[in-house]
Amino acid sequence: MIKVGIVGGTGYTGVELLRLLAAHPGVQLVAITSRKEAGMRVADMFPNLRGHVDLAFCDPQQADLTQCDVVFFATPSGVAMQQARELLDAGVRVIDLAADFRIRDVAVWQKWYGMEHACPDLIEQAAYGLPEVYRDQIRTARLVANPGCYPTVVQLGFLPLLKAGLADTDYLIADAKSGVSGAGRKAELPFLFAEAADNFKAYGASGHRHLPEIVQGLSEFAGRSVGLTFVPHLTPLIRGMHATLYARVAEDVDVQALYEAHYADEPFVDVLPAGSHPETRSVRGANTCRITWHRPQRGDTVVILAVIDNLVKGAAGQAVQNMNIMFSEPETAGLNLIGLLP
Amino acid sequence: MIKVGIVGGTGYTGVELLRLLAAHPGVQLVAITSRKEAGMRVADMFPNLRGHVDLAFCDPQQADLTQCDVVFFATPSGVAMQQARELLDAGVRVIDLAADFRIRDVAVWQKWYGMEHACPDLIEQAAYGLPEVYRDQIRTARLVANPGCYPTVVQLGFLPLLKAGLADTDYLIADAKSGVSGAGRKAELPFLFAEAADNFKAYGASGHRHLPEIVQGLSEFAGRSVGLTFVPHLTPLIRGMHATLYARVAEDVDVQALYEAHYADEPFVDVLPAGSHPETRSVRGANTCRITWHRPQRGDTVVILAVIDNLVKGAAGQAVQNMNIMFSEPETAGLNLIGLLP
Amino acid sequence: MIKVGIVGGTGYTGVELLRLLAAHPGVQLVAITSRKEAGMRVADMFPNLRGHVDLAFCDPQQADLTQCDVVFFATPSGVAMQQARELLDAGVRVIDLAADFRIRDVAVWQKWYGMEHACPDLIEQAAYGLPEVYRDQIRTARLVANPGCYPTVVQLGFLPLLKAGLADTDYLIADAKSGVSGAGRKAELPFLFAEAADNFKAYGASGHRHLPEIVQGLSEFAGRSVGLTFVPHLTPLIRGMHATLYARVAEDVDVQALYEAHYADEPFVDVLPAGSHPETRSVRGANTCRITWHRPQRGDTVVILAVIDNLVKGAAGQAVQNMNIMFSEPETAGLNLIGLLP
Amino acid sequence: MIKVGIVGGTGYTGVELLRLLAAHPGVQLVAITSRKEAGMRVADMFPNLRGHVDLAFCDPQQADLTQCDVVFFATPSGVAMQQARELLDAGVRVIDLAADFRIRDVAVWQKWYGMEHACPDLIEQAAYGLPEVYRDQIRTARLVANPGCYPTVVQLGFLPLLKAGLADTDYLIADAKSGVSGAGRKAELPFLFAEAADNFKAYGASGHRHLPEIVQGLSEFAGRSVGLTFVPHLTPLIRGMHATLYARVAEDVDVQALYEAHYADEPFVDVLPAGSHPETRSVRGANTCRITWHRPQRGDTVVILAVIDNLVKGAAGQAVQNMNIMFSEPETAGLNLIGLLP
């Protein structure tokens, strides 16, 4: 059994980790910390876990996380970098669901996240936890930077096209739509039901923190620096993320064959039949990314459509997938989830 | 492995049965029929099932359902009564998710369902599939009438109080609220998104088909004919059902102790701490019924609050629970589900 | 032109007052105060008001509200009682949308609202702003206590029955459902989209602040102290409130005739045809209360169904209606609103 | 008073026309036809209209629409072209809210709409009812083709940029999101609440009927044939449409000044401050189009964001605006609507 600790389990990625790990056959939940909620039973905060998770939140100071095999950080950005070294030194492997180790260029990270990085040297050691690209590094990594939700869906959507060198990489567009849980379990006005329901808007159109992470990935796929316009939107879903990706292609490429071949062996990427339109609800609660494509009017623009559940493949599910890889579990262990439809 | 067939799998109870049975360790899905969709792969209609269910719908005429151990009818009321006898005669056990065998008084059934019953003699043989009350009958039944969603939550909510003889049974009130999936996957105007979203209304306040079923159950619990006012409402949830039950109680009964004792051994009924308010989302996708109670201003009215997922404990999940009991599987096999929250 | 000031216009009742007053032909908006947002243009906070309201929030200290004819308090409870006397002494009439002057028994008010009342003597002077009952007092009142949303719909629903002395007043039940805007524009976790969407729950079942206000009103209608069980619920609507009311009636009363007669001259109460089910969306954005009734199985329980928009007839619209009455405007001035459907 | 008739008033554009026309000071509603619902009072179908509209639906055969000054067709495409000539010959002016007269190239129309056009000669006479571009033609037109919802928001969004000749017109992208009411009041499975709620998907990505209409307009603005990729999406809003438009610009143009100047005199186009993100709810129920823009990372891609209410500026409101222009009413008569927020 893998002994697991969770730091900061009171947010949506935290409760989602608990939902997944509680049902994982190879995991023993050892500790979950929260400074603010220490002593409270987890199932009192998240009643869906009643009968499934018996743990109480414990104070970070009291929790002996060094006894764990792996610790997940489901904290805001800036926390894991303060605590990772101690755990790593104790032989504990770390999976950070926040952004501390995602960006390899520290200066870029510091600019977008507005703080100094506490341990730039660890960034180099971190594997970027997108298994479809970096599975080998993840396998042996002591520290994994779990990708952001937008970066996951946008990278998986563009990957085969960019790897094949078929797109005009100066002019990529990612028009992405996220459910409200992506903003986290934070009491802020814009995310109130009466503000976000029956409403649709873009946000961060001039610049969003996930932009440098996506550009870093796409540039690596393409082998050159890409030009990307990324516009995120808030849509009245609880969960769900939809990316509509636009790329100019030169040749008359068989996109369907390209994508099917690229993802043939991937357990969590499902290439739909040509002409489909993936629905976010088809992956609600599941670790799957569903992808399809269109070429309107047979022009030179290819449109890629990709969906994930932002809390699963976009966060907690991918983190568990990474854990499975790191500990030589079957990659699908605990993740054989069927989307909740309707 | 239990060999399972499903008749009429194109509705919401059908896809939910498939979701649950596909993950059930003791089940082999043999056939799913649909006259209209014969030949279509199930996963083409319900993309969440891609990679999990490989079956195609087959024509009812072609399907040899007599090779199954059990057949679920996920059909409108009036279908199972036409086909059950043939299956039963062939030794196949039958679980009807519709209303054909729920009401023991044929005349009452015929009045509320507006058709003649095709096999009144089978009604007597049917066990009413509410395991928390009729587990023994279900165990040996060849034919199980799976309860309606409203009847499930209202009966589980009132059960301990009525069994204990503590309520004024002349004046029971059940104010119930259902998500829209309860209306089924039918293209009808009132259930359009633009009609049902951001809208709340009662319906069937003067009489709803589930009323006689509930009254039959409550009267049996109470040992006398009860007077019930039942008002269902449509609320903009996809899934979820909430019953607010009102009963006058004579004595100063310890409701918490009563309910905890009554449901102590039930795997799918969760009595919350006193003073709680159960949320429908805590059981989203799960087979659990969560119950609590209040006694406002210490008066003589007890308020019971109970929630289920109308498609799980209110339909497909309870049907699988019944199957488990009928075939001596662990009652929770395939049903150890955690509510999807958020 | 009535010169109008608003204290505390940054909440949902504030923006709704602005929407209504901006279109009111007899009103001049003079000032709107907010300590926190002083200097900000109202339309920058509420972009729907761009082009319709040019005011900026001003500091309460700077605003000379004594130049107004009437001041609306769209503040939390406890604010108006601090400031009302000064305005009243200056000859300004006051309409409080919060609870400070609703409860005539100061001790009861202090118990439920958890603070000492700053000016108990003013409570006696206040008219309770439910025009369908207290129109005459409102006409001449200097201070109007605008009713709560639940109290409005529950009182209008029960009024004719209780006035006629037909109900068993020991055992009244009000099962009420509110949209999330009823909680106000406050950044609190339970009202986040990801918490409140696709979810239904009761709250305050053991006691809610609106209970004493409702009991006070119903008791006055009935001419004796009533016994009421009141259970509010949170439902995923932005706006909308639905009351399902249960009363035992002795005789075979013609409820339809009773209600139609009672409300025949009321511009904002619409008695639907017998057998109807009112929808909250039919009054979305409108100042109308729609009411109907059922008598299930011809028993002795009458079910009253009533809907309002909690922000309009349940708050800002009723406040404007009261202002119209106080200033001898046509009662419907600025309020001839059609519900936004769909 | 303008005497108005409506053909086909049982859909969402029909009820919206009624909501707007009932409150229009210069309009007399004369007749509303529906073959299927003849005899039914309009307010029985749409209870929000109770007390505001007294008309009943009448049979198209019986209605003497020739007595009207103007007739709105709120019918599916293909109906107005059958009946327009008779009305026009009788001196009645016609506003078609469907697509019959929007596309000037009959062959293109016939290809996309899959039927033969009944009166190609009338197409030439029709003014395209986008007042911000074609106000002069509308003023004198006998027949107005009211634009589609997507075409309205996409054309208004791109208009100043294309008129100024600043965009690379070979590679325009319109990523558009629509509320579900855009699909009409039709009982079809994909638009059920349980299908469309908490779900997001693209549709028609390979080709949508609004594409040729948009391309026709943009090409006229640009003075040359444009290349457009148009991807519509279904989002869980009742009303609301959001266009995210991408264009490559050569020079360092002052987009803010350009848009503000272009729309300075338009009563229904509101250019937001630079850096804003328009919300669909800010125009809920209003005839306003709100527009803003971004230039991410100061690159050569300009992102235009534009929102409308698909039923108002995208349909019925724009139709009333056109009527006002045609009959020399103030253009804002009956349309001085404030968005319903929250």
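In this document, chain identifiers A, B, C and D correspond to the written order of the chains, with residue numbering beginning at 1 in each.
Throughout what follows, a contact is a pair of C-beta atoms (placed from the backbone, for glycine too) under 8 Å apart; a residue touches a chain by one contact, two chains touch by 3 or more.
Note that the structure is predicted; figures quoted are calculated from it, not measured.
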Farthest-lying chain, centroid of Cα atoms versus that of chain B: D
Pair of chains joined by more contacts [C-beta pairs], A-D or A-C: A-D
Rounded Å distance between chain C and chain D, as computed from the means of their C-alpha atoms: 36
Mean-CA-position distance for chain C and chain A (Å): 45
Inter-centroid spacing, chain D versus chain A (mean Cα positions, whole Å): 39
Residues within chain D bordering two or more other chains: 12, 179, 181, 185, 194-195, 197-198, 236, 238-239, 278-279, 281, 284, 342
Residue ranges of chain B touching chain C (in the complex, touch as defined): 171, 173, 175, 177, 179, 194-195, 198-203, 205-207, 211, 227, 229-231, 233, 235-240, 242, 244, 246, 248, 275, 277-281, 284, 294-297, 299, 301, 303, 305, 307, 342
Touching residues (chain side chain D, partner chain B) in the complex: 12, 179-181, 183, 185-189, 191-198, 236, 238
Chain D residues touching chain C - in the complex, by the definition given at the top: 12, 15, 19, 22-23, 46-52, 181, 185, 197-198, 238-239, 270, 272, 278-279, 281-286, 288, 290, 311, 336, 338-342
